[in-house]
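Next come two complexes, and both contain chain A; in the first it sits with chain B, in the second with chain C.
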Partner chain A sequence: MTLLFLINPLIAFCIGILLSFLLRKLNARIQSRRGPVVRIPPAWRDINRTKILQPLYDILKLFSKNTFIPEKASPLFIIAPVMALLCAILASFFVPVAGISFDYTFGLVVLFYLLMGEILCVIVGGITSGSLFAVIGGVREIELLLTNEIPFILGTFALAISYNTLSINEMMGFNLISNPFAAVVVFLSILVKLHIKPFDISDAESEIVSGLTTEYSGKLLGILEVTKVMMIFVLVALFADLFLWVPSSGLMAWLVFFSGVGFTSVLIALVHSLFGRFKIDQATWWLLRVPLVLSVFAVVWASMWRYVL
Partner chain B sequence: MSLSGAFLKKSPWVYHAHAGGCNGCDLEILASFGPRYDLERLGIKLVASPRFADILLVTGPVPLHTKPFLERIYDQTPSPKKVVAMGACGCSGGVFVDDENYSIAGPVEKIIPVDVRIPGCPPKPEAIVEGIMKAVRMF
Partner chain C sequence: MSKRQAALDVTEIKADEVGTEVSKLLNQGARMMYASGVDAGVPGIRIDYYFTFDEEIPSRNLVLRTYVNRKRPIIESVTPITTQADWAEREMIEFLGVQVKNHPDPRHLWLPLNWEDMYSSTHPKGDTESERINTSPTAHPPHDNIFSKHLSVVPYGPYHPALIESNYLKMSVEDEVVRDADLKLGFNHRSVIKLMERRDYYKDLFLAERICGFCNVSHSMTFAQAVEQIADITVPKKALYTRTLLGEMERMKSHILAIGLMGDLTGFRTMLMHAIRIREEILDSLEIMSGQRISHGIITHGGIRNDVTPVHIDVIKSKLKNLKKSVPEYFDQLLANDVFTGRLHKTGVLTVDVAKKFGAVGPIARGSGIRVDIRKNSPYAAYEDVDWDVITENDRDCFARVKVRMREVLMSLHICEQCCDVIRSAPSELITPVNELPCGEGFSRTEPPRGELLYHVASNGTNTPEFVRLRVPTYPNVRVMIDLIKGSEIGDVPVIIGSVDPCFSCADRVTVVNQGKVTVSGGRR
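So, the complex of A and B:
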C-alpha cells in the first residue's frame, strides 16, 4: 500500500474551497445575482483581482480576528471544533480521490463513525456554549441525525451487499445504473449532512441566528469553516466514487473523478437554490417517509440481484 | 496595512444593527444585497450574529431603550471592526434631532465610535455600496 493517501486532506481542502465557491456562485446566479465575481471591475482592483478563492479569504479572515469565549462555556467549547476538524481529516483518508485512499477492509464502517463523529462534535461544542439558540439548533440537528442516518447506512449497505465487501475501494463503480434507489437515498442524506436548503433547519439564520455556531467567533469559527469545506468535498467525493465512478487509471481516473465531483456539486447547488426550508417536523416526517422506504427498496433490490437472479 | 487588514478587506461580513429606524433604511440595505447592486460580488455577506461581523451597519436614531443593546452589540463584535452609521437618523438624528425629544439617546456617534457616515433618508443603494467600500478600505 502506498502512502499517497496522506495528501488526501490537502486535496479535500483545496477542492472543497472551489466547490463551496461554486455553490455560492450558482446560488447567486439562480437568484439572478452575480455572486462573488471572477473578474473584479477596475475601480475595485485595489482590493483584489478575483473572488474565486472567496471561501479561502473568509477562512483566513476568521483566523486573523479576535475570539470570544462565553463565560458559561466549558472547555469542550474549544476542544469540540478541533475534534470535528480531526474527524473530517480522518474521513478524507478513507474517501478515494481518483482511487487513492487508505484502503481498509472495513473502511465503510469507519467512515460512518467519522462522519457521525464530526456532527456530534459540532453538536457538543454548540450546546456547551450555553446559548439558547445553539441548544435549539442542537436539538434539531440531533433529530435530523437520527432520521437521516438509517437511510444513509442502508443505502450504502445496499452496495456492500451487491459487491460483498465493506471496503470503499472495492465497491466503487457506476452504480447509478445498477442501483438507482441507493443513489437517490445517499444523495438525499448528503443534502441533510451538508445542511443544504430544504434541510438547513439546524442553522436557520432567520429564526435561530446560526444554530449551533451562534456563539463561535474568530479562530474557532475559522476551524468550523475549514471543517465545513472539507466535509463538502468528502461527501461529494463519496457520492462520486460510489455512484459515478468508471474504473480507469492514470490521468483518466482524475478526469472521471473530477467530472463526477463537478456533476454532483452542481446538482447540490441546484437543490440548494431551488428549495425553501422545511419545518423540523416536516423534515423528519419526510425523511422517514421517502428516503427510508427508498433505502429499504435499495437493499431489497441489491439482495435480489445478488441472491435470487 | 497589516496582514489581518489584507484578509479583512477581502471578506468583510456585515451585521445590520437596527436601532429604531423607520425601516426605510433597512429596505435599502436589502436592495443593495439584491440582484441589482449585489454586494456579494465583493465577497460581502450579511450575517445573522454580531459575533461573525466585521462591519456594523447601524440604522436609526437610537432610542433610549435601544442604547444598552447597541453598546452590547458593539462589545460582542470581535475586533478589528468598523462601524457605519446609516441614514439621516444614524448620522445626526435626522427628524428626531430636536433637543427636547425625550426618547432619543442621540445619533449613533454619541454611543459608539463611528467610522463612516452615509447620509440620505433613506440613502440610495449606490450610497450604501460606496459607504461600505469606504469602511472596507479603512481596514
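So, the complex of A and C:
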C-alpha cells in the first residue's frame, strides 16, 4: 500500500474551499444576487473584491483575530475544536479521492466513528462554553444526530451487504442505479450532517444566535471553519465514491471523481437555497418517517439482490 | 368628495369616577386605544383616555378627560378593568410621574429597571438638582420578575438576529418551551413628542416622518390631517388621491418585506432576497413621485408638496403592471413550500377574545377574523371613493396573518391603479394653504401597514403645537405578542415575532439623525 493517501487532507481542504465557493455562488444566483465573482472586471475593484477564494480569505481573517475565551469555559472549550479538526483529517484518509485512500478492511466502521466524533467534539466544545444558546443548540444537535445516524448507517450498510465487504474502496461503484434507496438515504443524511437548510436547526441564527459556535471567536472559530470546509469535501466525496463512481484509472479516475463531487455539491446547493428551516420536532419526525423507512427499504433491496435473486 | 374624519368627542369627568366611566364605555363595545397625560399647568395634569367604537361605521372617537393635582398626581389604575390600558399607564408612570394606584405591574418599561437607584443610592437628599446619574454598580440588582424563577433564561436582545431593532425580550425556557416572557423597550427612546412641541408645524412633519422608516407617509399624513382638522380646511382632490397612492405603496412595500422577513426568520433567505428584488419597483415609483426612496417629505399641511404629473403616472403604471405579474408569482412560490408553511400553521394562535382583550389592531386583528380597518371605520384621504374591501382571515394563526398581508398587497395594487387613473385627470390644484391656525384640538387616525396610528395635536395659536400625543400600531400589538410567546416553543418565537411584524422604533418613537463622523475605536486604516 502506498502512502499517497497522506495528501488527502490537503486535497480535502483545497477542494472544500472551492466547494464552499460553489455553494455560495449558486445560493447567490438563486437568490438573484451576484455572489462572489470568478473574475473581477477592473472597474469593480473598488466596489467588490470577493472572488473564488473568498472562503479561504474568511478563514485567514479569523486566524488573524484575537481569540476570546469565556470566563466560565472549561479547557474542553479549546481542546474540542482541535479534536474535531483531527477527526475530520482522519476521516479524509478513509474517503477515497479518485481511488486513493487508506484502504482498511473495516474502513466504513471507522469512518462512522470519525464522522460522529467530529460532531460530538463540536457539541462538547459548544456546551462547555456556558452559553445558553450553545446548550440549546447542543440539545438540538444531539436529537438530530440520534435520528440521523440510523438511516446513514443502514444506507451505507446496504452497499456493504451487496458487496460483502466493509472496505470503502471495494464497494465503490455506480450504485445510484443498483440501489437508489440507499443513495437517497445517504444524501439526506449528508444534508443533516452538513447543516444544509431544512436541517440547520442547531445553528438557526434567528432563534439561537449561532448555536454551538456562539462563543467561539478568532483562531478557535477558524479551526471550526476549517473543519467545516473539510467535512463538506469528505461527505460529498463519500457520496460521489459510493454512488457516482465509475471504475477507471489515471486521469480518467480524477475526472470521474470530480464530476461526481461537482454534481453532488450542486444538488446540495439547490436544496440549501430552496428550503426554509424545519423546527426540531418537525425535523426529527420527518427523519424518522422518510429516511428511516427508505433505509430499511435499501437494506431489504440489497439483501434481496444478494441472497434471493 | 370624502368627508373629514370625525372630530374628538371630549367628556370631562372627575378623577375618582374614571373606573366606573371606563367600564361603562367598555360595556357599550368601546375599545381603549390609548391613555396619556399632559402637564397642563394650573389645572393640573390632564389625563386623557382615548376610546373608539369599532362596530360603528364611521366610528365615534371619544375621550374621557380628567385632571389630577400636580403636587400629588395620584390616579386609580384601570388596568384591572381592561388590559388595553396596561402599557399606556406604565408610560404615564415613567414619563409624567403620575402615580397609578393598584397597577398590577408597575415596573419600568422604557426607563432602566434601576432608574430610582441611579439617583437615590449614593446622592444625598438635597443633591437632586445636579441631576447627575450615579453610574456606580447598584447596591441590589433591579427587580425583575423573570430571573427569580428557577428556569434557564434566554435573552433575545438588545441586539439579536431575530429582531433587527434593539429591544430586550427575556424568556424563561424549560426544555424548548417558553414559560414566561417579558419585554424591555427604551433602547431607542428619543422623546420625539417632546421635540415636536418646540418646532413649528412644518418642521414637525419631517420629524414625524423620522419616527418610522416604513410608515413615514402615514405618520406625516396623520399629523397633517390633525392639523387640517384644527385649521378646518378641505384638501384638494389630487392631493387626497396622491396621499392614498403613497399610503398604499407604503403598505405594499412594508408587507412584502414583512413576508420576506418571515421567510428569513424561518431560515428561507432566498425568499427575503426575492422580496427585496420585487420591492425595488415600489421604491422606484415612490422615488419618481417624491424624489426620495425612504423618507418622502411630500405631504404637507393642506395637501402635497410636489406635483404628480401624467408622465409620472405613466411610469408608475408600468411599474404596477410588472408588480401585478411578479407579486402573485412570488406568493405562489412561498405558499408552495411545505417547510415554510409547516412552520406557520397552528403556531401563535390568537383567539378573538384575546385579541379584543388586548386591543389588537391591523393585520394581527384581521388575521383573527376581527373586521377592523381604519380605512373603513373612519375613512380618510380617498378611501371612501375607491373600490376596495377589508381583508380578514379566520384561521387565527401565523399563517392567517401572513395570508392577510399577502391579500392586502394585491388589494393595494388594485387601489393604486384606481388612484393613478384619477390623478391623471384630476384638477391641478395641489394645496390649500393654511393661513391661520386657531386654538383647538385635532385628532386623526390612519391605517399604516401595521395597524392603527393616532395623532392628537393641540394648537394654542402660536406656531408650535401645545402638545402632540401619538400612539403607534406596534404598541398594542407587541403586548399581544408577549402573550403569544408565553407557552410557545423557542423555534416558534421568531415566527410569532415575524407574524406580528413589530416596529420597535415606532414604539420607542425613535429619531436618530446622526450626521457626525463615525469613529471606530481600535481599528487601523
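We take it that the second predicted complex is superposed on the first by the 301 of 309 C-alpha atoms of A that agree within 3 Å, B and C clash if a C-alpha of one lies under 4 Å from a C-alpha of the other, contacts with A are read in each partner's own complex, and residues count from 1 in each chain.
Definition applied: contacts are C-beta pairs under 8 Å (C-beta built on N, C-alpha and C of every residue); 3 or more make two chains touch, one makes a residue touch a chain.
What you see is a predicted model; the values in this text were computed from it and never measured.
**Q** Given the touch rule stated above, what does A:31 touch, chain B (first), chain C (second), both, or neither?
**A** both
**Q** Where does A:58 make contact in the superposed view: on chain B (first), on chain C (second), on both, or on neither?
**A** Touch partner of A:58: chain B, not chain C.
**Q** Contacts for A:197 in the overlay, against chain B (first) and chain C (second): which applies, first, second, both or neither?
**A** second
**Q** Return first, second, both or neither, reflecting whether A:261 touches chain B, chain C, both chains, or no partner chain.
**A** neither
**Q** Per the contact definition in the header, classify A:205: touching chain B only (first), chain C only (second), both, or neither.
**A** both
**Q** Applying the touch criterion given at the start, work out whether A:132 contacts chain B, chain C, both or neither, answering first, second, both or neither.
**A** Only chain C is touched by A:132; chain B is not.
**Q** Between chain B (first) and chain C (second), which does A:66 come into contact with in this model arrangement: first, second, both, or neither?
**A** A:66 contacts chain B only, not chain C.
**Q** In the superposed arrangement, which partner chain does A:121 touch: chain B (first), chain C (second), both, or neither?
**A** neither
**Q** By the touch definition at the top of the document, which applies to A:275: first (chain B), second (chain C), both, or neither?
**A** The second partner, chain C, only.
**Q** Which chain A residues are contacted by chain C in one complex and by chain B in the other?
**A** Common to the two interfaces on chain A: residues 31-33, 205-206, 209.
**Q** Show which residues of chain A lie in contact with chain C when the two form their complex.
**A** Residues 27, 30-33, 132-133, 135-136, 139, 197-198, 200-201, 204-209, 273-282 of chain A touch chain C in their complex.
**Q** Please output the residues of chain A touching chain B within their complex, sorted ascending.
**A** The touching residues are 24, 28, 31-37, 40, 44, 46-48, 51, 54, 57-58, 60-61, 63-68, 205-206, 209-210, 214-218, 221.
**Q** Over in the complex, which chain C residues touch chain A? Could you list them?
**A** 152-155, 160-162, 173, 176, 263-271, 273-274, 277, 337, 339-340, 342-343, 489-494
**Q** Using the touch definition up top, name the residues of chain B that touch chain A in the complex.
**A** 3-4, 7-11, 34-35, 38, 40-43, 47-49, 51-52, 54, 76, 78-80, 133, 136-137
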